[in-house]
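Look at the two complexes coming up: subunit A is in both, with subunit B in one and subunit C in the other.
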Partner chain A sequence: MSSIPAVVAVNTFREAVRDRVLYNLVFFALLMMGAAILVGQISVGIERLLIVNLGLSAISIFGIIMAIFIGVGLVYKEIEKRTLYSLIAKPIQRWEFIAGKFGGLLLTLAVNTSFMLLGLFAALLFVSHQFQSSDLGIVVAAYFILLQLALVTAIALFFSCFSSPMLSTLFTLGIYVAGVFLKDIRDISLLTKSPFVGAICKAIYYLLPNFQNFNVIGLAGHGEPIPMNLLWQNTLYAAVYVVILLIASAVVFSGKNLK
Partner chain B sequence: MSPRKKLSLLASVGLPVLFAVLILLQSRIDQTASTEAPEQEQLLLSSPALIKRISFGYDALLADVYWTRAVQYYGSRAGIPGSQFPLLWPLLDITTTLDPKLIPAYRFGAIFLSEQPPVGAGEPELALKLTQKGVDANPQDWQMNATEGFLYYWYLQEYQKSSAAYLAGSKNPQAPAWLAMMAAQVVLKADETNTSEMIWTEIYNSSSDPSIRGNALKHLKGLQASKDIKVLNDLAQKYHEMNGHFPANVDALVQAGLARSTPVDPSGFPYIYDADGVAQLNPESDITIQAGPVTPPTIYNK
Partner chain C sequence: MSAPAIEIQSLTKDYAVGFWRKKLRRSLDSLSLEVHEGEAFGFLGPNGAGKTTTLKLLMGIIFPTSGTARILGRPIDDVAMHRDIGYLPEQPYFYDYLTARELLDYFARFFGFSAAERNERVNKYLDLVGLASASNVQLRKFSKGMMQRVGIAQAILHEPKVVFLDEPMSGLDPVGRREVRDIILELKRQGRTVFFSTHILSDAEMLCDRVAVLAGGKLQGVGAPNEIVSLEVYGMEVLFELKPGVAVPAGLASKATNTGNRYRVEVPEADLYAAVEQLKLANAKILSVTPLRASLEDYFFKLVGKGQYAPHSIEVQPQ
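The block that comes next holds the complex of A and B.
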């Protein structure tokens, strides 16, 4: 197995660190500290719950912003700066480059998510002075967020292979929003009398990535058990979707005339 | 001096001055705004279903925000004479639609809605609607049944329904034993102070929130005072039989050997007697005797 994707991934991660991408952690830390101190004074009965909901939502929002805005530039930036040409002159397959770029951004997001999770637990300890066994659900919720980020990264990378960053951002955001509302799109198929519209809605429901699958923030906040089946189902769902998108990206990128 | 140094010097002196001007300007603007008609607080979006839909999956966090907004809205008005709470119900409805499992919003929100103005919205029916929404969304949570039973008992004085709600909660395997006891007691002893004391004590013990505990403590002090006043009225009658006139003050009871020490209310203020020997709270006392299912002593009907 070639080690080239790993080399590209590590360099992509280093580049993200050099670009001060991880500075968002400082903002996250301030947000969690502020919330932990303030929440008890401005609300009633939800001190722990708010820390969990706010922490996980912030991990998700920060991650999605990073995945989209860095993801759409992954390939485009290399072409624009002409750094790609020196790379493809070397014995690197184009799919290896795509896989490496994806791996690098995912590594960045994983590191970012891990640090944020640590910050969340620190704030939680400050508010409730002890951990509970149900707090394990928070780790599962963060893992699901990471799966969601992997999907968003793969979508952004796919568009990055043939479109400008501006358009790629719009396309990725559009798919993300549609993926959040997929349940409503499926419900249209149940309400409509037209079999054609119903079939289209159903097709969209199954073809677009369903981001609601990964949303267990509410369950984690209330300390309710997260079905263990979801763990492997969501992992497999994200993995299959990411592989589809990476293959599509590699196909598009391989056919791209870079001369 | 080089142009760069000049610019740095200008910035280090000029920027603080400009910020100071900004602060002054803002306080002027605030003063001008406060002389205008007070801004009516409004809900930009009032449909809970729509808000849930546009929350982009962050409905749990948005519920926390709305609940905090409801607490702030209530807190900024509670206790101020003439206060009204028109947005309290919509805020609570949105909160519990966004997160149907947010138990504090049902429990405390029901009390905010039920208390008589200016302490609350004076809408026990809406409180009941909120609690029933909570019971439907959280059938496994006995606290919802206990809140429903309490609303029927204290604010609506429907004792059969109160008993049914407590009974439903007591069937939950995790429910404490006192729930079944309450189911029996509210029907049998609906107008007894002890039953009310038991409920408010449970509310006091089951919450860690200072405002909820404070409210429960206020009710408990009021109930204790109403019991004290009943005893003091009996003692005044006894004093009258012994001396041919009513005691001028509660110290007279001590002198007559009817009390060991000066009777004081739970806040430490001595009770007072009127000319007809009817005991009353000291005007300086912070205790209030709340309306509720407890039949007030006859002296309050005079």
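The block that comes next holds the complex of A and C.
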């Protein structure tokens, strides 16, 4: 990242912090505290599994909500409020702005995820009284969640370049949900008798990112090892999609008349 | 005179309007213009004339339908050229979660200044626009005038060669307007090119080496204020006082207007001595005699004052 996108990214991060976006951490902390106390009382032997599942799922849901709702406004808000006018007159390429906005939200999500992860480990320590070597799988699962969030952010940012926040939210959410159920969509393409529906389902299957690839919450919860090759495969998989989406966003935004 | 700081050739901008059956509306129609280095250039025109569109095109905020423009000899799509230009948008709006100091520091970072240099410039320009005491206040708490001031500061922070100001006096009180006028004069004194749009004709007349008048998206006239308005005297204005109970001389009565016992009358230059003679006979006290010349305002209204250039009135056929 050259220095100009970094300048934009830091400002985007600052905006998120000052807009009290990270206040969701308070809710997460309360959730983890409540769960830790409750789990200790009602379950025997599966405290760890419950805490890890609940914690990682909450990290994922909170992150997805943030990525979509902030992501869809990243560019649109700057155009609507005309804060971009002064910025565009500075020596900044439009693609640098796009890269900076993406970097800024990703930084916000990374900080958010890190703090939530700390909260999760604190709750885990409370119920288990000790850490295990298999707890490293929780960190890997959180990293995969972050990869998912990067992808969702890139999708939201892409729509933000040409669509209103409401439509962008619908589109991004639609792609995310379809991406979660991509295997089912593939099954439909195999089972349907309509060639048209089959072709559409097949196209969706091959085109959209498969978000289930990033879900290792079950493995982390049971303390089972996560294959190391999945680490670089998922990183590469997310990176390819993110780069394509960022290039597409930059192309759309570079040709856009800013009202 | 040196090479043009700004060259605009046949710059045209059409906007698509309507949702379903889109029509093209021409906002700027084949504008050609040259602004020389070191000039203060005023861009005049009524609302919807195309002034802001021109500035947005030059800044790369929107793209031309046809035509070209160069700033400092470089095409307007050359972003590196932006190092040498500054821009104040019309009714500027900035990140309201930042303070004025943080905003200026943010913008200064795009020019690669060191931390010490950024700090120095930010302090200097906050002081210049009268915001030193409000430097740590978040912009969400700023008034329109304060926003305008911080906008001016961000436009000149990096000491650009060419400064574009879109309605710089807008939203400012008389003190603020005076300060902005002084800033523009100072920029001009430093040899910078200042291109600004304004509605306030007296400011343009006072500050500009040349002005252009735009209406209906078309250039109506360009030149030095004293060139485009006639220097020829078209009449004389006489201000005088009469003692209570004394009537205005018969030859002037139909032309005179008054406030209390003070009167104003306009007469042709050739009739001045005759008018003064009549006032002398009536024991009037002559307060002033002023030659009347066409002002920039007269010129402006002659071009655009009849309402024939309604905003966005020109519809064009899609090509």
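Simple rule for what comes next: the second predicted complex is superposed on the first by the 244 of 259 C-alpha atoms of A that agree within 3 Å, B and C clash if a C-alpha of one lies under 4 Å from a C-alpha of the other, contacts with A are read in each partner's own complex, and residues count from 1 in each chain.
One rule holds in what follows: contacts are C-beta pairs under 8 Å (C-beta built on N, C-alpha and C of every residue); 3 or more make two chains touch, one makes a residue touch a chain.
Owing to the predicted nature of the structure, the values given are computational and were not obtained by experimental measurement.
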Subunit B versus subunit C on the shared subunit A, clash or fit? fit
Have a look at where A:K81 lands relative to subunit B and subunit C in the superposition and call it first, second, both or neither. second
Quick note, subunit A centre (C-alpha) to subunit B and to subunit C: the enclosed angle in degrees to the nearest 10 is 150
For A:D187 in the superposed arrangement: first (subunit B), second (subunit C), both or neither? neither
Determine, under the contact definition given at the top, whether A:I217 touches first (subunit B), second (subunit C), both, or neither. first
Could you grab the smallest C-alpha gap between subunit B and subunit C in the overlay, to the nearest Å? 22
Help me check something: in the complex, which residues belonging to subunit C touch subunit A? 56, 59-63, 79-80, 82-83, 85-89, 91-95, 97-98, 106-107, 109-112, 151, 154-155, 164
Which part of subunit A faces subunit B closely enough to touch in the complex? 39, 42-46, 49-50, 53-54, 57, 60-61, 177, 180-181, 184, 211-212, 215, 217-218, 221-222, 224
If you look only at subunit A, which of its residues touch subunit C in the complex? 3-4, 7, 11, 14-15, 18-19, 81-93, 255, 257-259
Flag every residue of subunit B that touches subunit A in the complex, lowest number first. 53, 56-61, 63-64, 67-68, 71-72, 99, 101-105, 107-108, 207, 209, 211-212
